[in-house]
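Next up: some structures, all given as structure tokens.
What follows is subunit A paired twice: with subunit B in the first complex and subunit C in the second.
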Partner chain A sequence: MSFGPHLLLAVLEGLVTSAVLALTALGLSLVFGVMRVVNVAHGEFFMLGAVLAWAISSMVPGYPSLGFLMALLLSPLIVGAVALLAERLVLRRLDYNPEATIVATIGMLYVIQQLALTFYGPEARAVPPPFNFRLQLPWFGYSGYKLSIIAASIVLMLATWFVLTRTRIGLVMRATQYDRETAQAFGIPVDRVYAGVFALGAMLAAVAAVLIVPIQQAHYLMGLDPLLLSFIVVIIGGLGSLRGTVIAALIIGVSDGVISVFFSPTLAKIIATSAVAMVLVFRPQGLFGTAPR
Partner chain B sequence: MKSDMGSGKAIALHLVVIAGLFGLGFILPEYHHGVLARVMVLAVFAMGYNILFGYAGLLSLGHAMFFAVGLYGAGLTMIHLGWGAPAGFAAGVVAGAVLALGVGVLALRTTGVAFMIVTMMFSQVFYLLTLYFSAWTRGDEGLVIPQARRGLDLGAMRLDFTDPMTRYMLALGLFATVLLLTLGVARSGFGRVLVAIRENEERTKMLGYDTFANKLSAVVLSGTFCATAGAAYALLFGYVGSTFASVQYSIFPLLWVLLGGAATTLGPFLGTLFMYYVVDIASGYTSAYMLIVGLLLILLILYFPKGVLGTVRERWLRWLP
Partner chain C sequence: MSAVLTLSGLDCFYGEVQVLHGLSLELNKGEVLCLLGRNGAGKTTTLKAVMGLVPAKAGSIRLGDRELTALAPHEVPKAGVAYVPQGRRLFAEMTVAENIEIGLMARGKGKPTRDRVLDLFPVLRQRLGQRSGTLSGGEQQMLAMARALCLGPEVLLLDEPTEGLMPSMIGRIRETISSLRGEGVSTLLVEQRLEAVLSVADRVCFIENGRARETVPASSLRDNPALVRRYVGVG
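After this line comes the complex of A and B, so read on.
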């Protein structure tokens, strides 16, 4: 294959990564933005989504589309319930202190990871894709399912954007993010908003995981990479900036795809991680965010 | 006057602990003898972490890089450049101080949550570099320093680091040195400024202290202690691998210090010892030791945020350093 098509393939792969990454990072960004909580267990909610997707779809053998559809609906709901429980039992009691919640979510990371290892096992398992359709390009065939991931991600991002900017729920969330105390004084149930946002963040990660699991197998250690990449995206994109998150996910995903194809995946990660550390050091509000008040 | 009484008691307590560990070196059965030697080296790592987290109140999620740079600084120079044990050890310690200075200058531009993430990112870059240069480091698989190299010729006598008793006493020597240094720091003006920064940075700045310089010194001291632990680990146990640079080894010192008591001199050792045995005993019954680590972290932060010795100090022994 010559350079041009090779590059196209790398960009397509990068776009798929970006699509999944944007959803995961959006979850992290919402939790960070509204609650000021750095959720280190975010990657484990992603992993839990993938593992549950396998468990659910293997309950309906023979019907990959039905199994996948059920996984897409049920897995995020279960993950959301787990997150809600964690929020009520642990984070609320810590009064959302930023440092204490980091330690607590590290604890959750280990607990969830170990439970997945104990009950799911160390194997990597794939979920059959809901459909097998190949788009035949002049140079190579490309999986239709991968393209549908990109489409699904765009739809979900638009839905989130709509909820955040055009509905009452979004208004309440933004008010809480802007000033917790004033929001409370105006009768907004800040406590319930926090619980809802934490669950929503985990559910976004779970949806992303269900989408990726037909092309990347479910494994109990799969949560670390999305966690680090989401951090990178959230930091580069700027806190609470939906547009920034999407742009950063595109930059990171596509450059990761291109560097991985032409150089080495480790080098790609080294470059991305150093770049983000430098962004944090020299431009803490992110490339697209506004300076904090 | 009262604080002078306390200081006498505090120094006596530390000397008793060191003497007790010295005595244990002769009577412990073989297995626990080996465990304690390892725990003392890891406790140095925890004490280094404690300087920054406990006293200066800066929570780093990247201290694995300091331990690992000491480990690799000693290991790589000894294996690839054929350096002797003392030179290798020195290389590890110096590498730690230099890395800590560089990381400190950059990371201290941020505060709070950003500081945690920046340190984690730097540590992750270091970890990935150990994988990327696997031609020299052999990545996850790691390197073993040959037994013949792990020793010191003193004229006619040879100090063999692979001998359990020598290893124990060297670990104890390092542990005692760093413990007494920590005690010195905690009681010095520098230590008090660090605590003041932890409690209220703005006020400390207003009183005329250069908070950046003090915090930077804390990062360098902390990183150097951790690198010393890493270099000693390489020499005494002979294995150098990238696992020691992974995120897990940034979390462990945090756990040990939280458990034993942040900003207490003996807390890090107590936490390390306790965790080592908990994981050791638990792994005899179940492979799910990570569950215990996780639950312990959550329970500690919920109910005992001051750790064992921190709680003891608050309730009973006010003089405990």
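After this line comes the complex of A and C, so read on.
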């Protein structure tokens, strides 16, 4: 394959990574933005989404499309319910204290991971893709399913943007984010908003995981990479900025794809990590974040 | 006169530090009661306690026959109390229209429409799409009041509404307070300077070290500079 098509392939692979990463990082960013909670267990909600997707789709063997569709609907709902429970039982009792919740979510990380190991086991398992259509380009064929991941992510990001900027729910979330006390003085039940945001953040990670699991197997340790990459994206893009999250996910995903294809995946990770260091030194609020007042 | 809002024996703490010590006061129906006192006396904390934003360790806060300390903070506005915080605390990143929308979401049934509130502050009508953080100081104060009046409150809490405003603006805010009084709204007004309140307040309650010291008719203060000097210092 000559350079041009090779690059196109690398960019497409990068876009798939970006699509999944943007959804995952958005969940992390919303939770931090609104609740000021650094959710170290975010990657485990991702893993849980993938593992549940396998469990759900394997309940209807022989019908990959139906199994996948059920997983896409049910897995995020179950993960959201788990997150809601964790919020009620742990974060609320700590009064959302920033330091205490970091420690607590580290604990959640291990609890969820060990539960997955106990009930799901150490194997990596694949979920069959819902369809096997291949798009034939002049130079190579490309998975139609991978393209649909990109499309699904765009739709979900647009939906999130719409909810945040154009609906009452979004208004209430933003009010809580800017000024919790004044929000309460205007009748906003801040603790219910927190519970909803935490569940929503986890559900975004779970959706991303369901989308990725047909091309990357489910495994009980698979949450660590998305956690790290989400932190990278959120730091570069700026916390609480939807636009920043999308752009940073594109930068990280595409450069990861291109550098991995032409050089090595390790070099891609080194560059991403250095980029974070540079941002933290020269623009700590992130490329699109607003500096604290 | 009947009291709409009654605070009695209120104790409030920030962590271990006690800030209000058995504070008691009564706000009568349709009056403007001014809380006057030095910086750090506990005026803001008193208003926050009414809103449930600072918990009351002891004492009671009654609105009519409802005990406000038993409510969650977000239930207080629906009970009929609106709050204009010190420093305005607008949602600065949001537009004027969005700030007003948040006020409207908190109102009870059958309360004022957006149009009625905007009629009080026509300037805001031309600024609906503007980010509220970019308004001038006076416009921001009007927006903060408009946002609170969206609730159609029985009791209005105003924390230093004239702080940092130009004299012409101060007059404008004062007029609004007087006209609300005419509509039967009861107002608890916090100020640090006497001249800001003389023309609008019915009674003045002096706050010192977290205690309500004495409450006197506003009209009696002109002839009693010693009292004012004692609680607020010069002027």
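Details
One rule holds in what follows: the second predicted complex is superposed on the first by the 293 of 293 C-alpha atoms of A that agree within 3 Å, B and C clash if a C-alpha of one lies under 4 Å from a C-alpha of the other, contacts with A are read in each partner's own complex, and residues count from 1 in each chain.
Assume contacts are C-beta pairs under 8 Å (C-beta built on N, C-alpha and C of every residue); 3 or more make two chains touch, one makes a residue touch a chain.
This structure is a prediction, so every number in the text was calculated from the model and none was measured.
Once the two complexes are laid over each other on the shared chain, residue contacts for A:108 go to subunit B alone; subunit C is not touched.
In the superposed pair of complexes, A:99 makes contact with subunit B only, with no contact to subunit C. Once the two complexes are laid over each other on the shared chain, residue contacts for A:231 go to subunit B alone; subunit C is not touched. Contacts of A:179 after superposition: subunit C is touched, whereas subunit B is not reached.
Judged by the touch definition given at the top, the superposed model places A:150 against neither subunit B nor subunit C.
By the document's definition of touching, of the two partners only subunit B reaches A:266; subunit C does not. After overlaying the two complexes on the shared chain, residue contacts for A:190 are found with subunit C alone; subunit B is out of touch. By the touch criterion stated above, A:282 is placed in contact with subunit B alone, subunit C being left untouched. Counting contacts as defined above, no subunit A residue meets subunit B in one complex and subunit C in the other. Residues of subunit C touching subunit A in their complex: 51-53, 72-78, 83, 85, 89, 91-94, 98, 101-103, 105-106, 147.
Those residues of subunit A whose C-beta lies close enough to touch subunit C in the complex are 168, 171-172, 174-175, 178-179, 181-190, 290. Residue ranges on subunit B touching subunit A, taken from their complex, read 59, 61, 106-107, 109-110, 112-114, 116-118, 120-122, 124-125, 128-129, 131-132, 247, 251, 254, 258, 287-291, 293-298, 300-302, 305.
Residues of subunit A that touch subunit B in their complex: 36, 38, 90, 93-94, 98-100, 102-104, 106-115, 117-118, 224, 228, 231-232, 235, 264, 266-267, 269-270, 273-274, 276-278, 280-282, 284.
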